[in-house]
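Have a look at the structure below before the remarks.
Letters A, B and C mark the chains in the order given here, with residues in each chain numbered from 1 onward.
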Amino acid sequence: MMPNPSLDLEDRLAIQDLLFRYARAADTRDVAAFAGCFRPGRVHITGPGFEVRDAQQNIDTLASMFEWTMHKVHNHEYTVRDAQAQGYCYCVATHVKREQGRRVKIDWHIRYEDELVRADGAWRFVRRHLDVGLIETLPLD
Amino acid sequence: MMPNPSLDLEDRLAIQDLLFRYARAADTRDVAAFAGCFRPGRVHITGPGFEVRDAQQNIDTLASMFEWTMHKVHNHEYTVRDAQAQGYCYCVATHVKREQGRRVKIDWHIRYEDELVRADGAWRFVRRHLDVGLIETLPLD
Amino acid sequence: MMPNPSLDLEDRLAIQDLLFRYARAADTRDVAAFAGCFRPGRVHITGPGFEVRDAQQNIDTLASMFEWTMHKVHNHEYTVRDAQAQGYCYCVATHVKREQGRRVKIDWHIRYEDELVRADGAWRFVRRHLDVGLIETLPLD
């Protein structure tokens, strides 16, 4: 059942770290950290009606649309095979924007379908695909 | 303080995996995977006013009542003693249903009180008891 | 990239446990457990407009203001250097209070900025600082 547990533990925690680093990079508008979650020069995110290939552009869009975001990571299950991994994580991405002077909260309930690769000792995303199960909009003021 | 940490790490991550697998089985309506979270033929879930003993029936009920669910797992603390474990996890189970053509979101804030057993190298639930601290209902449309 | 992974794993899981123990102590109104998350006699929490130095007083305040709370821990990233650590975790603290007979839910979206120290084999908080990014109030009844 557990062929190589000690290796598994390091990989799985490194992958978990990557999930959190991605969230932090998005929430702090850190372009370099966001790009660093993917292979060099190869940001790749797909979702309903959009495709992202550029870290700067993605962070700029996020910053221009929302006052504040919080990407809350939940459940995560990944399978590692050699230097590749695939799996999913649950995430509720909370976005706050201002519309006509009033704040609105938009919660995206996301299941990220991820492909990852390990190179030079670090796990990075090859691609993240967003399965957005629920978008909830709520006035705050 | 840490008598056998390497063993602890494997057990605790295996238990964490079980929490996520249960959530995924419920959310993807996977009867076999759901049943596989418990001892063979012995599904056992209790909660306020209900008792579940059958995986098929439980998944059928979930599927007939809700369009979509997401069982988001949070904090989790388990104590392992030999081949047994007990502890709790926090979970917000988000359910979307349709009432008179309008979607409604129902969030259950759950503290699962769990008993687990390890057999054949795998952790499984003996019983899950739901302490539902808060049920929140919100129209989506 | 991973200088001493096995040590890292134990430390990081011990720190994760501390995050969960703090949440549980707050949610179950357990003064001794709450105090035990900090160095002996040195509870220290700061946030917008408040400073907490006393476990009993903090739990009493929580208990008097709210019928029920749930501190849901999400993303967490900590850096360990010798017997010290610092980092952050995301937490949504859900509070339920009663106002004029009606229940109200108050969600605090918190980024805890933490300093920790390891002594006698256990990690404890030196100080937690709450960066509260969003407070959301919602009537329940």
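By definition in this document, a contact is a pair of C-beta atoms (placed from the backbone, for glycine too) under 8 Å apart; a residue touches a chain by one contact, two chains touch by 3 or more.
All of these numbers come straight from a predicted model, not from anything done at the bench.
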| item | value |
| --- | --- |
| Copy pair chain B, chain C: interface residue numbering same or different (half cut) | different |
| Rigid-body rotation angle, chain B and chain A, from Cα fit (steps of 5°) | 120 |
| Centre distance in Å when chain B and chain C are each reduced to the mean of their C-alpha atoms | 24 |
| Multi-partner residues of chain B (at least 2 other chains) | 6, 9, 74, 138 |
| Residues of chain C that touch chain B when the two form their complex | 6, 9-10, 13-14, 17, 19-21, 23-24, 68, 70-74, 94, 96, 105, 120-122, 138, 140 |
| Residues of chain C touching chain A in the complex | 1-2, 5-6, 8-9, 12, 74-77, 90, 92, 109, 111, 133-134, 136, 138 |
